[in-house]
Every structure is written in structure tokens, then in C-alpha cells.
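Next, two complexes with chain A in common: one pairs it with chain B, the other with chain C.
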Partner chain A sequence: MNIVLILIVSLFFTGLVNRTKSIFSGRKGPGIFQPLKDIFRLLKKGSVYSTTSSFIFRIVPSVYFSTVLIAALFIPFGGDRGLISFQFDFVLFAYILALGKFFNIISALDTGSSFEGMGASREALYSMLAEPAFFITIGSLGLLTGYSSFYQIFNSIHYSASASPVISYSLGMLASVVFMFLGLVENSRIPIDDPKTHLELTMIHEVMILDNSGFDLGLILYTGILKFALYGSLIANMFFLNSTHILINIFIFFSLQALFALTVGTLESFMARFRMNQNPQFILMLSSVSLLIFLGVMIITGKI
Partner chain B sequence: MRNKIYEIALIIITIGIAASTSIIASYALVGRQIEIILSGNQIFGQIPLRIDSLSAWMILIINFTFITGVLYGTGYLKHYNDKIKELRLHQFMFVILHFSMILVCTVQNFIAFLIVWEIMTGSAFLLIIFEYWNKATVKAGLNYFIQSHVGVVFILVSFIWIIAQTGSTDFNAVTAFSQHLPVAVSITLFVLLFIGFGFKAGFVPLHTWLPYAHPSAPSHISGMMSGVIIKLGIYGILRMLLLIKTGYLVIGEIILFVSIVSGLYGVILAIVQHNLKKLLAYHSIENIGIIGIGIGIGTIGLGLNNDFLAIAGFCGGLLHILNHSLFKSLLFYGAGSVYQQTGTLDIEKLGGLIKRMPQTAGLFLIAALAICGLPPLNGFISEFLIFSGLFSSLKSGSLSFSLYMLTAVAALVTIGGLAILCFTKAFGIVFLGNERSHYNKIPEEVNFIMLLPKYMAAAMIFAIGLFPRLFLELLKNPVSLFVPNILNGSYGYYSNQAAILTKIGLIGMLLISVIFILFGIKKYFERYKVVAAEPTWGCGYVAPDSKMQYTASSFVKTYSNLIEPALSIHKSDVEMDNVFPGKKEYSTHNYDKLEFYVIDKNLKWLRKILLKLNFLQNGRIQFYILYGVLFVLMIILISYGEYLWQVFTGFYKLFSIN
Partner chain C sequence: MECSNNMTIRKYITVLNNETIDFRSIPVLEYDEFMEINLLFLKNANNHCVNYFGIQSDDKLILICCIANDSRARIKLTRTEVEFGQDKIYPSMTAKNLAFNMFEREICENFGVKYLDHPWLKPVRYPFDRFTKTSLISDYPFYHVDSEELHEVGVGPIHAGIIEPGHFRFICKGEQIIHLEIQLGYQHRGIESLFLQKNKLLQKVTLAESIAGDTTVGHASAFANIWESLCGYEPDEELQFVRTIALELERIAIHTGDLSAICGDIAYQLGNSVFGRLRTPIINFMQSWCGNRLAKGLIRPAVNNYPFTSELKASLLKILDDFEPDFNEMIKKLFHNPGCLLRLEKTGVVTYDQALEIGAVGMAAKASGLNRDIRTSHPFYQYKNIDHQPVIKHHGDVFSRTQIRREEILQSIKYIRSMLDNIPAHNQRNDILPQPQRNSFTISLVEGWRGEICHCAITNENGELIKYKIKDPSFHNWLALALSVRKNEISDFPICNKSFNLSYCGFDL
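Moving on to the complex of A and B:
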């Protein structure tokens, strides 16, 4: 169920972000399906491979896409559990995404380029720094609800005996902030990275895929969008209403995803990218926010 | 020709020992404990040889690693064919080491245990210093030898104390006695033993011998040392945990703390290493930390009577022992192949080897993924078990306990992330890109006998990753030694975990098949398309050079800036100052900060004191005879000390009454 919705959202997500940016900068801008059309054109093209690269470089886009696709299967939709669901499934979720990152990084090193290594190095470091925030957040939500899988946690987050909805929604807001910024870090968007910059020296993700072309490039671009939708649906899961009709939840899902896209677009319109050496501080800030959630849960469960 | 006979003989002997002991061990693993009691003598007392399921688990791991080790070693030592004497000693010691390690796992008599422990240390020492003509090798070997013996002192003291208390040298005698031990005594005893065995296992800050010994040993020995020898330190700790019956909570918290520090410290230093084997050695410290985290939370679970926690912790820890022995030996064998073909282990000088040695590269990649704990390989399974324990433990206990467990979660996640940084560097720089220097001969794929053991280890890595339930079932008996409830009351937790692991295995298979299907689709799409090969795009620059590639140092530059306070990096920089500046030089060298504070500084004052006693070593034989006589006299006096004391107190009483 949810995987279908995520795929639908991925059709227009980046388009929406770009459209927001274009409106803020006073341009007419491309239609919201333009990124998808670009990807389709890329999929139909032939490719050019670097003579330096090996089979690693050729297989990585497939690996990267598969990991995100499988990870999407973990995410529940309100009362519906995800296709894959078991206790502590979020550990596997995070590690499968990490597998994709590993391959992405070595694929960049495979080209022997002086630029792509730069992106690889940054990607490896930043994603390492971002990892604890996810685990602490989910761990705290698990502690709040007393459950340990995505489905159970999200299903009961606002219905736990110990916390009133006001508190749980505010914790949910905090958690969504964490997930949103994690999404930005994972996808290398402003303020971590500027995908539209013209200088390779200042990029992270874009510089890693300099040598990809054709089908591979299309796959990587689509995976990026999918990853966004993935984090968006994690956020959406925190605001579903349990007992209402499924159509209302679908409406909530789409409006939250759209809101997420609008926020990203707005952020990108009004913010500049951080200096590279300040990124670690910013990413570690996410961990401290997640620690706040943890302490909040501690207060609710009466340990403080 | 004769050499070949010896080689074949060694392989047959190793496989023979392995096969025969494995059969016995596999009986023990399914729950039939085997016990043989040798009569012994006055000093030893009875010497029981017991193989319970914990010993069996270790023996099976040892045997597998030795089989891969002997096969790989046969190929690896081909380059030393002219050194007949050294090879013979090496082969002999190999068998001795194998035998003594199995005995360490079976002998359950305090004195006999120490003896086989020493035989193991000694034979490992001789195996490490195979290249004894290299001064650094001997130094590293001696470092290992001395540190091992410092550890033995701690073990010896606590063993003597136990023997004096119980009057028996049998391990089993302790159990009855330790049930009523005050918690403080129990903890002190454990800490002593933990330090003693920790030297072997390489817990921080007792790890300093590891980064020297691993790079200097021949690669199959480093693989085995990291794979199984240091694990016997863990075995010792586990065995002693079985004997001690009180104070589990505090003991567990101590183990957990030391392990978190080891895990983080190991990987933090691993990243900045540029010697491939030294990097792997620091990763051994990290993985010992992960094993320790598992054992630590298992012990905490025992202390809290929380069976879920105990099962998750011990299963994770014990499984990680096996996992680490597989992927770490595979990594060391890979590093050895690289060394054999290129003559260097300096990561900065390597590059592009995937085109010359595709099989070695592929196998190294599998091991690298596994050691980072990524699914669908084996490292993930054990880390998952540990994670499940940690997350479930957040609920129990006070605020400080929850925070402690949360720290452990964050630490384990960070370790995983740093490991990814480290192994993308190691694999990416060594095997990918262009060659960074010219080698004397063109590297080529290593021969079959060196590849076969690697394929064996890789097959096991996949087997555990895809069929984890099978191995969890095997662990049921070893874990039940710690958590007896597993066989009846808490079996629910266990089967629950097993069901989850089955799902993880299935998801792993799903992932692999999706990747292949997608790759097939891509091939289908590209079937009529132009697939061209061009040089890497240099962002407009048209004369790229292999020197322009990202290097290992530059790959981790941001990281090392960030973490600099924890490292001690010496930079030497020759500035250009004259009108006609000379050559510019810049070099960095990083050193283990803890080694400086724990080992080097203490050695300095120790040396100062000992130099004052230098006059004793005057080289005259008369004096040495005198020392001997004095020593014997002292022994007699001490043994009569009790008698003299009685006489003395008798006199004292006599006088005080008057």
C-alpha cells in the first residue's frame, strides 16, 4: 500500500520543490513533472563509462536503487503495516540505506577522479555523523510507545497511556524536524549541499555522479527522489489518524509530502549553503535534537 | 621437492587435527558434554578435559580458521622457499599452536590451563617473528610476548587466590564457592581476570601490542591471530564469567564501558592508518569492542534477570566471535595477497588493483561489507542481535541506566558509520582508481591455493548472512550455559529472535535478487545503445594524471581535522625561506595517544629505576652463583616463615603473660 503511495509521490516531489523555487525567484519555471521527463529521457540513452572504472561502477546504480526500494517496503501506512515488518526492523532499514551509501562512495572512487573522491569523502563523513540521530529518535519513540517496530511505533504513538496527545504530537513535531533534516543530509540538499552549484569543489552528491550517464544516471536521479519521498512518508506516518477512513489518511499523506516539498523549496530559496567545515556541527545538532526527544520521553515515562 | 612434501604433510596434519576435534566438538555443541579426567599428580591435582558447548563453539571456529590459514599459508610462504630452516620451524610451531589452542578450550585445571596458555603464547610468538631478520618484526614480536606475560601475571594472581581459597585446581570447584562470595570480592576478582585476559583480547588500553604484531607477522598468521588467538582472551573472560556467580550487574557495566571505549578508539585510529595491515589491526580492537558490548549487555541481563537482554547479548557476542574470525581472516588474506604481488602495504602507494586481481578485490569487498555490519552479510546479524538487546534495555532501570544504554546505542551506530568511512577508504584507494606507483613486477591474480581459503570464508559469510537462523540454533547450547532458562522458560524470546532472523535472511535474498533483476533490466535497455569508453571526466582539464586522484589522506582529511584532539599527529614541515628555496618537505605521522600515556611514559620511569639496579648484572660468574644461593636461602626462609612466626608469637605470648 504505502510503497505505491511513495512511488506516486516520487513522481512529483522534486518537481514541486523546483516549482516552489522558481516561483520564489520570480520565474515561470518548468512543470512539476519535468524532472521525471528528464529521467525518462536519460533511461533511454546509451552510456559512456570511464576507462578507469571497473565492474563496481557499472553495478552500483542498480544496488543503490534496490536498497532504497527495499527500504521503502519497511514503511507502514497508518493502520497498514509495511510489506516488511518485524521487531527492530528500523535497524535493518537504516543499515540497508547504509549499504547503498557504501556502494555509492566506492563507485565515486572507482573513477579515479580528483573531484569525485572529494564528494565521496564528504558523503562518508556526513552520513556517519547523521546516523546516531536516526537511531536515537526511533529508539526514543519506541520507548514512548513500548514497541519496537515501525508499524507498532507509528500506530500507537499518539495513543499511549502515559502521554497526552499534546505531548506526543509535540514530540512528533520534533521528530519530524529530525527526519526532515536527515532527508536533506541524505539527499545532499541546501543547507548541507547545493545541487545547483556550478563549482565541483563545493558539491557532495552531484560531484560523486559526474561520470555516470544514460540509464545509470537516470536511476541515480530517480533514487534521490525516492529517498526524499521515503523520509517524507516517515514524517507523514507520525500524523496519521488511527480510526478514520483511509482516504483521509491518504489525503494527510499527500498534503504532508507536499508540505515537505514546499518547505524544502522555501529553504532552498532563502538559504545559502553552509560552509563545508560547518556541516559537521549542523549534523551533530540533529543528534542533540534527538537527545531532546529522548529526554522528553524520559520525563513522560516518569524516569526524571 | 622436499619442501612440497612438508607442505602437504602440514596440510594433512592440520586437517586431521581439525577433523578429529571438530567431530568431538560438534557432539558437544548439540549438548552432550564430554569429560575426560586425567589423573594428574600432586601439584596439578586432577586434570579434567571438558568440552562443553562453549568450548565446542570456540574449537569449531579455531579449526575453520586453521584450515583456511594453512591453505593460504602454503601459497603465501612460496616466496620464502629458500629459507628451509625457518619454514620447518614455522610449520612445526603451526601444529603446536593449533594443538595448544584446542587444549586452552578444553583443559579445566587452573595450573594446566596456564601451561597450555603459555605454550600458545610462545608458539604464536615464534610464528610472528618468521621474518626475524627484520629488526622491527622481532621488536613487535617481543612487544607481544612481554605484554602477554604482563597479562599472565594478573591471571596467575587471581588463579592462585582461587586455588588458595577453594583448595582445588578444578574449574568446577569455584562455582560452589563463588555463590556466596561478597559482591565486592567477586568484582575485584573479575577485574583482575579481565585485565589478564584483556591483554590477549586487546581491550583498550591493553591493545598496544596488536598494531605492531599484526603487520609484522606473515599474513596468514595475522589473519589467524586476529581471527582466533585474540578470541581466546574473550573465551577466558567468558569462562570466568561462568565461574563467578555474583555481582553480574556491575561486572556487565564494567565490560560494557571498556568495550564501548575499545570499539570507538579502535575505529577512530583505524581510519587514519596508512598501512593496510595496521588498519586491519585497529579494526580488530574495534570488533573486540563489539563482541564485548554483546557480552556486556548479556551480563547486565543476567544481573537484571532480564532473559531477553541476556539472550540477545550473548547470542550477539558469541556470533560476532565467529563472524569476526571469518571476515577478518579474509581481509588479512586479501592484504597478504596485495603485499605478495606489489611488495608494499602502504595504501597511498597502491591503487587500481581491481583490474589486476579481480577475485582478490571482490573477496576483499565482501569482507569489507561484512565488517561494516551491512546486510545481507554476517556482520549485520550479530550487530542486529546486540542492537535488539540495547534497544529493549532502554526500558528497564533508572534514568542513568537508560542514558548509559543510549550511549551504547549511539556508540555502536557511530562505530558502524566510522567503519564504513574506513573501509570505503581501504577498498577504494587500494583496489579502485588508477595505480599510484610503479611496481617492480606487474601484479597479477594470486594462485588457486591462496584463493580457495578466501572463497571458503566468503561462502561462510554469505551463509550466515542469508541463513542466520541455522547459526542461532547452533548457539542455543553455548548461550544456555549463561542463561539456563533458554531451554525452557524463556524459549519464547529465543524462537522470536530466530523468526526475525529468518525474515532478515529472506530480505537479504530479496535484496540480492532485486539488484540482479535491475542490472538485467539495465542490460536489456542498453542492448542496442552505444556504450562507449572514455577517460574520466576531469572537469575540463585534459591532462589528468594518476597523482591527481584522491589519496587516502585526502579522503579522511575532513575527518582527521574533526577528530584531531583524540589523535596525536606529528607534523614535520620544512618551510621554504631562502631566495633560492631548497626542497620542500612535509610529512605527518600519527601515533597512538594512549600508547604514549599508558606504555611509553610508564616505561620511562620503570627504566630509570631499573637502570639503578644495573650493577647487579656485572658479568662475573661468582656473583651469579651467589644470587642463586641467596635465592634458595630465601625460599627456605619463606617456607619456614610460618614456623618462625609461630615460634616468635609463642615467645611473645610467653612474655606477655608474665
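Moving on to the complex of A and C:
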């Protein structure tokens, strides 16, 4: 169920972000499906490979795409489990995403370009710093509910005996903020990175895929959108209503995804990106927010 | 003309901006004496070297050094004769004063003059007629460090944006830049020798317009000044008015475009699009005035083909009235946005001492507290009537250079408004310019938006050009960029580069 919805959202997510940015800068802007049309154009093209790159460079776009797709299977939808669901499935979820990232990094190093190596080292550093935020947040929610899989955690978060809905929803809000910024970090958006820039020296993610072309590039770009929708659906899971009609949950899902896209677009319109050495600070700040969630859970459950 | 009477032997001659003198009246010194006196001039921070070049005369090389005295609006000229291509080795002035660095490299490259203690005589550009034919662009001697911890990053000559070619070689420690070397010369067109080959005046002035496309008015004005002065023609009030207005409009347009680009580099979308939109009406006004958005065709020696009519005045006033409030609002937003300030402040610092040492000019100098503005120090055109106060900032960072742009734009708008109160009548001139004077030397300094532009011309006994020397402000300032990025992060290089916005083709010639 959820995977289908994620795929639908991925059709218009980046388009919505771009459209928001265009409207704020006083332009009409491209259609909402333009990014998708660009990707289709790329998918129809062949790829060019440099002579210095090995087979790793060729397989990575597919590996990257499939890891994100698999990760999407973990996410439940309201009353429905994800296709893959077991105890502590969120650990595998995080590391499947990390696996995709790992392959991306070695593919960048494989090209032998000094730019791509630079981007790879930045990406590795930032995803390493982002990891604690994810685990602390989801771990705290697990502690609150007493469960340990995505499905059980999200299903019982607002209905546990220990916390009133007011508290659980405010924790949910905080967790959404963490997930939103994690989504920005993982997708290299402003204020961490600038997806629109042409300046190789300032890029993080974009510089790693400089050598990819045609079908491979299309696949990587689409995976990026998919990843965004993935984080959006994690947020949406925090706000589903149990035991209600599924259409209402679908409506909640789409409105939250759209809200997510609009927020990203607005942020990108009115913010400058950070200086590179301030990024780690910012990402660690996410960990501190997640610690706040952890502290809240500890207090509620009476552990301290 | 004013001679140094206080000395028994005349060691140098002083001229005014745009003054033509007899070439033979520039005193010839022995090289040692020449070196000594020029180094002495530069001991005073009010003096700076505006041009230093060689001209071949039979088997000798004549070197001419032009030092501008900014407090007295005079330019001091000296010359010497050296042997070249021989075994004779000369001491270099660069060893004592870094301001001569690029000039001596250029002289060595073109004529093969050997220097004893020049730090590193690297190629400047790759002219067809260079002295050493074995030095190729493919074996440029980069500064190189053998180290396990440091790594090199090469950028260019082909860049991701549609910009001009230039190669940047960084030596980095992780994300930090230790050293940057800038290698230019990819688009050397031989402009200086083309000036001698093209016989028609129209060809020459068109060439001058294309020295650097973004400084069309600046370079064309410098050429027009030179030519009019050589021909003994005094530009009337209307010509001066037109050129002043054009120079200031060019300043507004390019500075606004730069602000947009600076915002683009820090991914501040709002500033990027608003400043981009604000630039358009200004260049469109140029189009409606002279048919070209970059003002090509507007500046011609001794003639004005595009009278500044009252309709143009009304439309320009309207454009400026619309421009100002939007500009002020946007610049306020930019300067009050903490995220933007974070990127601009303390990035790419050039200290006062560095700027002085390398002989920086224009915006790059003014941002570091060094007062270099030809409009005040060697006034020309209507700047003689305007009490121009240069905008000086003291931090030398990207933010200072951004602030200078804001204040210069507002200043230019003020000047244009005051000049529009009193538009000189259009003269239908039919003057045919006489032949340029014989055996003459002329120097012209113009403050373009980027900084001081210097053109020099020398004629022979038939009144034909035998040397035309161009110096764009970028010639001095590229080194300032290389110094500014040291100890900065490599990801901040683009914003530093944009804050200087130097010309590649103005350097490559």
C-alpha cells in the first residue's frame, strides 16, 4: 500500500518544491511534472563511461535505486504493515539506506576525479553525523510504545497507556522536524547543499554524480525524489488515525507530503546555504533535538 | 607638462591624465638609476604603478614605467634602455616590490629580458610572438608540493558555468586551501598588436570595445581619450557628459548583476532573482539609447552619434525612480539575513598590507582600505565637477566588496541624477580628426566599474602607432584573489571569485 503511495508522491514531489521556489522568486516556473519529464528524457538516453572507471561505477545507479526501493518496503501505512516488517526492522532500514550511500561513495571514488573524491568525503561525514539523530529518535519512540518495529511503533504511539495524545503528538511533531531535516541532509538540499549550483567546489551530492550520464543519471535523480518521499511518509506515519476510513489516511498522507514539499520550497527560497564547516554543527543539532525527544520519553515513562 | 626642476638632472617627467607629450622628452636613465627611482616612488603609498612595459627599438629594448601620484593627480614617467635576448642579466624590481611582478613577467615573456632575482618568471599568457617558443601552455610550471597530507585540486580551464577559460590549481589540506595558483592566457587574441595592424579608426575603436565585454564603455573611453589627445582634439562638454553617464550606467548594471551572482553563489534565491531583474531595465536603457545593451557603438572619438534627448532623460529618470526603492528593499533584506551575512563576513580577506604590496586597484583595493579611485585622484570628464568621495571599506572580505557595490550603485544614481539637470546641447560635429602627433606618448587612466584602466600609446615620426599598451585592472587584482582564499575553505572559493569578478579576456588581451 505504502509503496504505491510513495511512488505516486514521487511523481510530483520535486516539481512541487521547484514550483514553490519559482513562485517566491516571482516567476511562473515549470510545470509540476517537469522534473519527471527530465528524468524520462534521461532514461531514454545511453550512458557514457570514462575509461578510468570500473564495473562498480556501472552497477551503482541500480544498486542505489534498489536500496531505496527496498527501504520503502519497510514503511507501514496506518493499519497496514510494510511488506517487510519484523522486530527492530528500523535498524535494517537505516543500514539499507546507508548501503546505497556507501555504493554511491565508492562509485564517486571510482571515477578518479578530485572533485568527486571531495564530494564523497563530505557525504560520508554528513551521513555519519546524521545517523545518531535517526536512531535516537526512532529508539525513543520505541521506548515510549514498548515496541520495536516500524509498524508497531507508529500504530501504537498515540494510543499507549503511558502518554496522553497531547504529549505523544508533540513528540511526534519534534520527531517530524528531525525527519524533515534528515531528509534535507540526505537529499543534499539547502541549507546543507545547493542542488541548483553549477560550482563543483561547493557541491556535496551533485559533485558525486558528475560523471554519470543518460540512464544512470536519470535513475539516480529519480532515486533522490524517492528518498524525499520516503522521509515524507515517515513523517506521515506519525499522524495517521487508527480505525478510521483508509481514504482519510490517504488524504492525510498526501497533505503531509505536500506540506513537506512546500516547507522545503519555502526554506530554500528565503535561506542561504551554510558555510561548509557549519554543516556538522547543524547536523549535530538534529541529534540534540532527538535527545530532547529521548528525555521527554524518559520522563513520561518514569525512568528518571 | 611639468618637469622635476628641483633636480639638476631631470630624472623623470610628470604628466597629467590624458596628456600627450613628446616621447623623446621622457628622460632616459641607466637601468640601476631607473630601478632605484621607481622603487623610491613606490615607498609612498600615494604612488602606485599603473603601467610598465617595453617597446623594441632596433636592437635595444626601451622600458617605460608610469607611476601615478594619487595625491597630486600627476603621472611620473621614466624610461631606460636594456639589452635583451643577450646574456646580460638585470636585477629585478619585483624582488624589492611585488607590484612589479606581473609587469616584469610580461616583459621577460615578450622580449626575453633576463632577471637575476625575480621570484619566479612564470608565463603570463601564451602570445604567438613570445620570446621563448618552447614554453607551451601544456607545460606550465605549477607550484607543486610533495606531501602525503596535502592534495591538489585542479579546476578549469573549462568551467561548469558558461564563463571564460582559466585554470585554478588549489593545494588543499582537507577542505582548507593552503595555496591557489591561477593560470590564465587561454584566450590571448593579440589585441595590442591588432591595434597597430588595423588602420581605420573605426576598426581600432571597435577593438577597444571588445578588450573586455563587460567593460565596453571603460575601455572604449580610454581609447577615445588617447586618440583625441594624440590628435590634439579637446572633447567638448557633450562628449564628456555622454561618456560619464555611460560609465556610471555600466557601473550600476554590472554591480547589480554581481550582487545577483553573489546571492546565487550562497544559494540565496530571492536576492539572485531580484537583483537579476533590477539589472535588466538599466541595460535595456542602453539598448534604447545606442542600440546595444553593452553600449557597443556609443563611444567614438570626437563624435557622438547618439544624442541624449529629453525623451531619453525622462525614461532614464523613470527607470532610476523604479530601481531605487526595490534595490534598497532587497539590499536591506540581504544585509539583514543572518544566513547570508554568515557566508559573506570574514570570507576571502585581503589585508591592507597585502593590497598595497601587490598594487591592487579598484574595488579590490577599496575593500581593504586602500584608496585607489581615478575619479578622485586623476579626474577626467565630468568627474572634475563632481566631488567624488570613493567608497572605502576596511575589512577586505567578501562582505566589504558587496557593501562597496551597494554604495557605488547609490552614488552613481546620485551622480546621474545631478548630471541630468544640465544636459549639454547636441553638436553636429563634422570635425575630421587630424593625423596623430608625431613621436608622441599619451597615457589615459579611466575608472571603469572594476577599477583603473590604463591605456598608453606611442607614435613614430610619421604619426603612426608603434605601441599600444592596455592594462585592465584585473592584471593587478588576480593575485589579490589568490591571496584572499588562503586559509579559507575550498567551498568558499566561488563566492570569493565572484566578489572580485575579474576579467579573463581583459587579462589575456
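Here is the rule we go by: the second predicted complex is superposed on the first by the 304 of 304 C-alpha atoms of A that agree within 3 Å, B and C clash if a C-alpha of one lies under 4 Å from a C-alpha of the other, contacts with A are read in each partner's own complex, and residues count from 1 in each chain.
In the analysis below, a residue touches a chain if its C-beta (ideal position, glycine included) is under 8 Å from a C-beta of that chain, and two chains touch if they have at least 3 such contacts.
Predicted model, so just to flag it, every value in this text is computed and none were measured.
In the superposition on chain A, A:65 makes contact with chain B only, while chain C stays out of contact range. Which of chain B and chain C touches more residues of chain A is settled by the count: it is B.
In the superposition on chain A, no contact is made by A:300 with either chain B or chain C. In the superposition on chain A, A:234 contacts neither chain B nor chain C. In the superposed model, A:98 lies in contact with chain B only, and not with chain C. Looking at the shared chain after the overlay, A:114 reaches both chain B and chain C. In the superposition on chain A, A:146 makes contact with chain B only, while chain C stays out of contact range.
Of the two partner chains, chain C is the only one that A:24 touches; chain B does not reach it. Residues 114-115, 118, 200, 276-277 of chain A contact both chain B in one complex and chain C in the other.
On chain A, the positions that touch chain B within their shared complex are 43-56, 59, 61-63, 65-67, 69-70, 84, 86-88, 91-92, 95-96, 98-99, 101-102, 105-106, 109-118, 120-122, 124-125, 127-129, 131-132, 135-136, 139, 142-143, 146, 148, 200, 210-211, 214-216, 219, 276-277, 280, 287, 294, 298, 303-304.
Chain contact summary for the complex, chain B toward chain A: residues 351-352, 354-355, 358, 365, 369, 372-375, 380, 383-384, 387-388, 391-392, 394-395, 398-399, 402, 406, 409-410, 413-414, 416-418, 420-421, 423-425, 427-429, 432-434, 496, 499-500, 503-504, 507, 510-511, 514-515, 518-519, 522, 525-526, 529-539, 544, 546, 548-550, 554-559, 561-562.
Within the complex, the chain A residues that touch chain C are 21, 24-27, 114-115, 118, 190-191, 194, 196-202, 268-278. Chain C contributes residues 151-155, 160-161, 175, 263-270, 272-274, 277, 337, 339-340, 342-343, 347, 489-494 to its touches with chain A in the complex.
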